[in-house]
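Input: structures, listed below.
Okay, so subunit A shows up in both of these, paired with subunit B first and subunit C after.
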Partner chain A sequence: MFRLLVEPFRDAYMQRALVEILVLSALAGVVSVYVLLRRLAFVGDALTHTIFPGIAIAFVAGHSLFLGALFAGLASAVLLTAATRIRGIDHDAALGVLVGAFFSLGVVIVSTQSSYTADLTALLFGLIHTVATTEIIETTAIAVGVLVVLRLTHKELVLRAFDPVAAEAMGYRTLLLDLVVNGLVALVVVAGVRAVGTVLVIALLVVPGAIARLVSERIAPMIVVAVGAAGLCGYLGLAASYEASLNHNVRLGSGATVVVALTFAFVLTAAFSTLVRRRHRAALGPALPA
Partner chain B sequence: MSVSYGRDLALDDVTLSVARGEAVALIGPNGAGKSTLLKAILGLLPLTEGRVEVLGQRPEDARERVGYVQQADTLDAEFPVSVLQVVLMGRYRAIGWFRRPGADDRRQAMEALAEVGLADRAKDRFGTLSGGQRQRVLLARAIAQHAQLLLLDEPFNGLDATTTDILIEVLARMRADGVGVVMSTHDLAVAHLTCGDACVLNRRRVAYGPIGEAITPGTLAEAYGSRAVQLASGATVVTTTTTTTTTG
Partner chain C sequence: MRILDQLGSPLIRRALLEAVLVGSLCGAVGVHVLLRRLPFFTLALSHATFPGVVLAGILGVSVYLGGAVAALGLVLAVAIIGSTRRLEASTATGVALAGAFAIGVLLQSAQSSATRNLARFLVGDILTVNADDLAMTALFGLVVVAALAVFHKELVFSAFDVVGARAAGYSSSRLEVLVLALVALTVVTSIRAVGTILSVALLVTPALAARQWTSSIGRMMVLGAAFGAAAGVAGIAASAQWDVAGGSAIALAATGLLAVTVAIQQARTLRKACISRSVGGRDR
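Presenting the complex of A and B:
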């Protein structure tokens, strides 16, 4: 057991991968709680797709993928916030249009390259083993920035999520608050793209928050649980993919393995919480008036 | 003032005023423009014509001093927020951006909860309360805000007797403290118990003045049409279709 959990992280590249995934877990774990509260799972999904052409352009032009994603991410956050405010068209439809348009644009751009398939795979599913120290610093910088903004705007974001009518009635600009949240989600996508890829980063933005909600009914403990769950699954996912690839000759993509671990954790938590609730109800049963 | 949604005129030339400590009941069928009028007072809707002045300011500048209580069943009962946290939201504008509620804010929130009889439920999740209790929590939020003008959108729909009594008491206390009240309601009895004035609406102002004069069989018939039925005793019964959803 010890061997399985410690041995994979003796090499420097695996240590860097672990640090990257832990920083990312802390970031995505916290933000996933706000994504859950604001019901932004689909917006997050849309963002992963709208950021893709930014990465593709940066990749083809030979510029920093990080900067390409950052620029595309912030632009998409503005665009998505605006799209959900268009009158006369359903939010889902507006997002759907953006997702299709941007994602295909990204694929078209990447397809001009001769190494098309390999490049696309890296961008979609991540390459955490090649993470360099500078990239860890970039992810950490994003994490610190996002967490500071969340800390400062926490009460307003929760108010807007819980009671948008009251937030407006009190004089808050809900458009501004939406822009803040969407911008933060976009930054998580930017930070997560290298580790787990555009497709799988959405899992990091949704699953930890969902696990946390099953465990707690209060926001502060939910944040702790979400971060813990994301970190633990990140760690286990990396270790499992290393073990399978090296000792069992089964190549498991590490980003995808992390997501599988998260999904597994969610299913376990859901089953456990259903069981606890049933027991709770059974225990209360006789005490309730007939 | 007049307010339109697109080409649809929702309020046509409605005028009313509320003095400090006064209360006006907005009476009218669904779709009469009662909620529209309240939103216009909050400055959330552009006016087609006319002007709204709130506490001597433009409505958008006065929002911090205006409390707004909507129907509690419009809120998500599964949202992970405690009763106390909901009441504390009334303090947010006073607390300001980037700062967290302090001990004094908590004290004021607890006092407001005590006034609506829910101090012992402070730590419970909002959604675990009954519909009437949730409505009282929203009222406590407005109390904690120390609003000078209180707007209530159908606060008495489908409530239990305790909640109705507490709402009536709290509104009387706030009026005595100089708070102006505008309340939309279908409940004519409660309107008489809480408000001195009434404005009978059906997109336009049908009647306005002291409640005993504004609400008459004639004005109700004019506002509600065939839904106002005059009984043999001379009383008028108003039938409305109100959907009440109960969750939790």
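Presenting the complex of A and C:
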């Protein structure tokens, strides 16, 4: 057991990967609760795709991928917020159009390069084992910034999530609040997408919140559970991927292994909570007729 | 136009035919995707077919079969997670999407030296379409269009008025499953042409453009199919002209069509508003 859980993290590159995953889990775990409250799973997934052309342009032009992603992320957060406010066009349809348009723009840009399929794969799936210390610092800076903004706007965001009409009547600008949330989600995607890839980022934005919702109905405990679940699964996923690759000769992508661990944790939690509630109901006796 | 010089090549002709078939199919089915607000579900489906496609590649069976089985699995997973009641539909879809996509990547990474195929499934590779693929696309398209035509009245009724449809004796859940299955079949059909991720672009954009011109569902489907086919041809032409990825060029062409449509409609409404204002002024 000790060998499985501790030994993988002796090498410096594995330690860096672990730190990156843990910082990202803390960040995404908190944000995932807001994503759940505001039903932003689609927006989160859309952002992972709309950031792609920014990365592609930076890649082709030889600029910093981080800056490219940051710029594209904030621009697409503004665009997505605006798109969900167009009258006569359904939110979901507007998001679908933007995803298709932005993502294909990215693919077209990358496809002008000769080695395009290999580059595309690297951009889409990230390489956590090559995470450098500067990238960890960038991720941490983003995490601190996002958490500070969330702390400051928490009350307004929760009000907007539960009662948009009241929020508007009380004089809060819901458009501005939406912009803040979408911008924060975009920042999480920017922080994660380059190191761990699109697949992992969208999972980190949705699954921890869903697990937490199964366990609790109150926001503070939900945040704790979400962060804990994301961190634990990140740790176990990395260890499992290392063990499989080194000692069993099965190469498991580390990001994908973390997501599978998260999904597994979700299934376990769902099964467990269903069981508990069924027993609870049985103890209470038959339900009263409605 | 380089495409005109290349028309002699069977490669380009097959690609054009596939683009027209897939574009028109997606354009027509897309109207139902919009009616039932399924764009996110479609995106999830398109991601979820990915593990099936990879597995089919490993086992050496048809990619269509693998994709279809995986899509069916996603429909079931969303239904099961959604039935826990504590999680609403978009979260359930998100969880299922992330899990399915990760399994696909995991399968892929366990294989050796297959990264080329990975990108190919994600963004499509329309220039390598062969006669078998074309036959498959035509067959699937025919089945989907036939089903849409036969159940047209019921599908439209239940999309607009679930309660009414149920009261009239239609099983709305069965109709919903039918639509989901048809969308899944369409996504699987378009994998070769535009890849798993971009099928959502073809399923949403042409239909949304068509919706700006008419409010009759039947006409919308015909117009959506026409827009989809036009985007397919324009995309292949652009791909030949500038040597860029074909599937993405098709998606961008569809977006361009939508942008032009929205611009024309906006100009029309503005003009109408101006005219009615000046008429109103004269009356006073």
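Methods note: the second predicted complex is superposed on the first by the 284 of 290 C-alpha atoms of A that agree within 3 Å, B and C clash if a C-alpha of one lies under 4 Å from a C-alpha of the other, contacts with A are read in each partner's own complex, and residues count from 1 in each chain.
The rule is simple: contacts are C-beta pairs under 8 Å (C-beta built on N, C-alpha and C of every residue); 3 or more make two chains touch, one makes a residue touch a chain.
The structure displayed is predicted, hence computed values, not measured ones.
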Both complexes share subunit A, so when I overlay them there, do subunit B and subunit C fit or clash?
fit
Would you sort A:214 into first (subunit B), second (subunit C), both or neither based on which partner it touches?
second
Examine A:56 and indicate which partner it touches, taking first as subunit B and second as subunit C; both and neither are also allowed.
neither
Could you let me know whether more residues of subunit A are touched by subunit B or by subunit C?
C
Please indicate which partner A:111 is in contact with in the superposed arrangement: first for subunit B, second for subunit C, both, or neither.
second
Name the contact category of A:270: first (subunit B only), second (subunit C only), both, or neither.
second
Once chain A of both complexes is superposed, is A:206 in touch with subunit B (first), subunit C (second), both, or neither?
second
Who does A:165 touch here: subunit B (first), subunit C (second), both, or neither?
first
Tell me the contact category for A:79 with respect to subunit B and subunit C: first, second, both or neither.
neither
Regarding the shared-chain residue A:37, is it in contact with subunit B (first), subunit C (second), both, or neither?
first
Smallest separation in Å between any Cα of subunit B and any Cα of subunit C in the superposed model?
7
Where on subunit A do subunit B and subunit C both make contact?
213
Along subunit A, where are the residues that touch subunit C in the complex?
36, 39, 41-42, 44-45, 49, 89-90, 92-93, 95-97, 99-101, 103-105, 107-108, 111-112, 116-118, 120-121, 124-125, 199-200, 202-203, 205-207, 209-210, 213-214, 250-253, 255-257, 259-260, 262-263, 266, 270, 273-274
The residues of subunit A that touch subunit B in their complex are 37, 152-156, 158-159, 161-163, 165-166, 168-171, 213, 216-219, 222
Touching subunit A in the complex: which residues of subunit C?
34, 37-40, 42-43, 81, 84, 86-88, 90-95, 97-99, 101-103, 105-106, 108-110, 112, 115-116, 118-120, 122-123, 197-198, 200-205, 208, 243-245, 247-252, 254-255, 258
Subunit A-facing residues of subunit B, complex
42, 44, 60, 63-64, 66, 68, 70, 74-76, 79-82, 85-86, 89, 92-93, 95, 97-98, 100-101, 125, 141, 145, 151
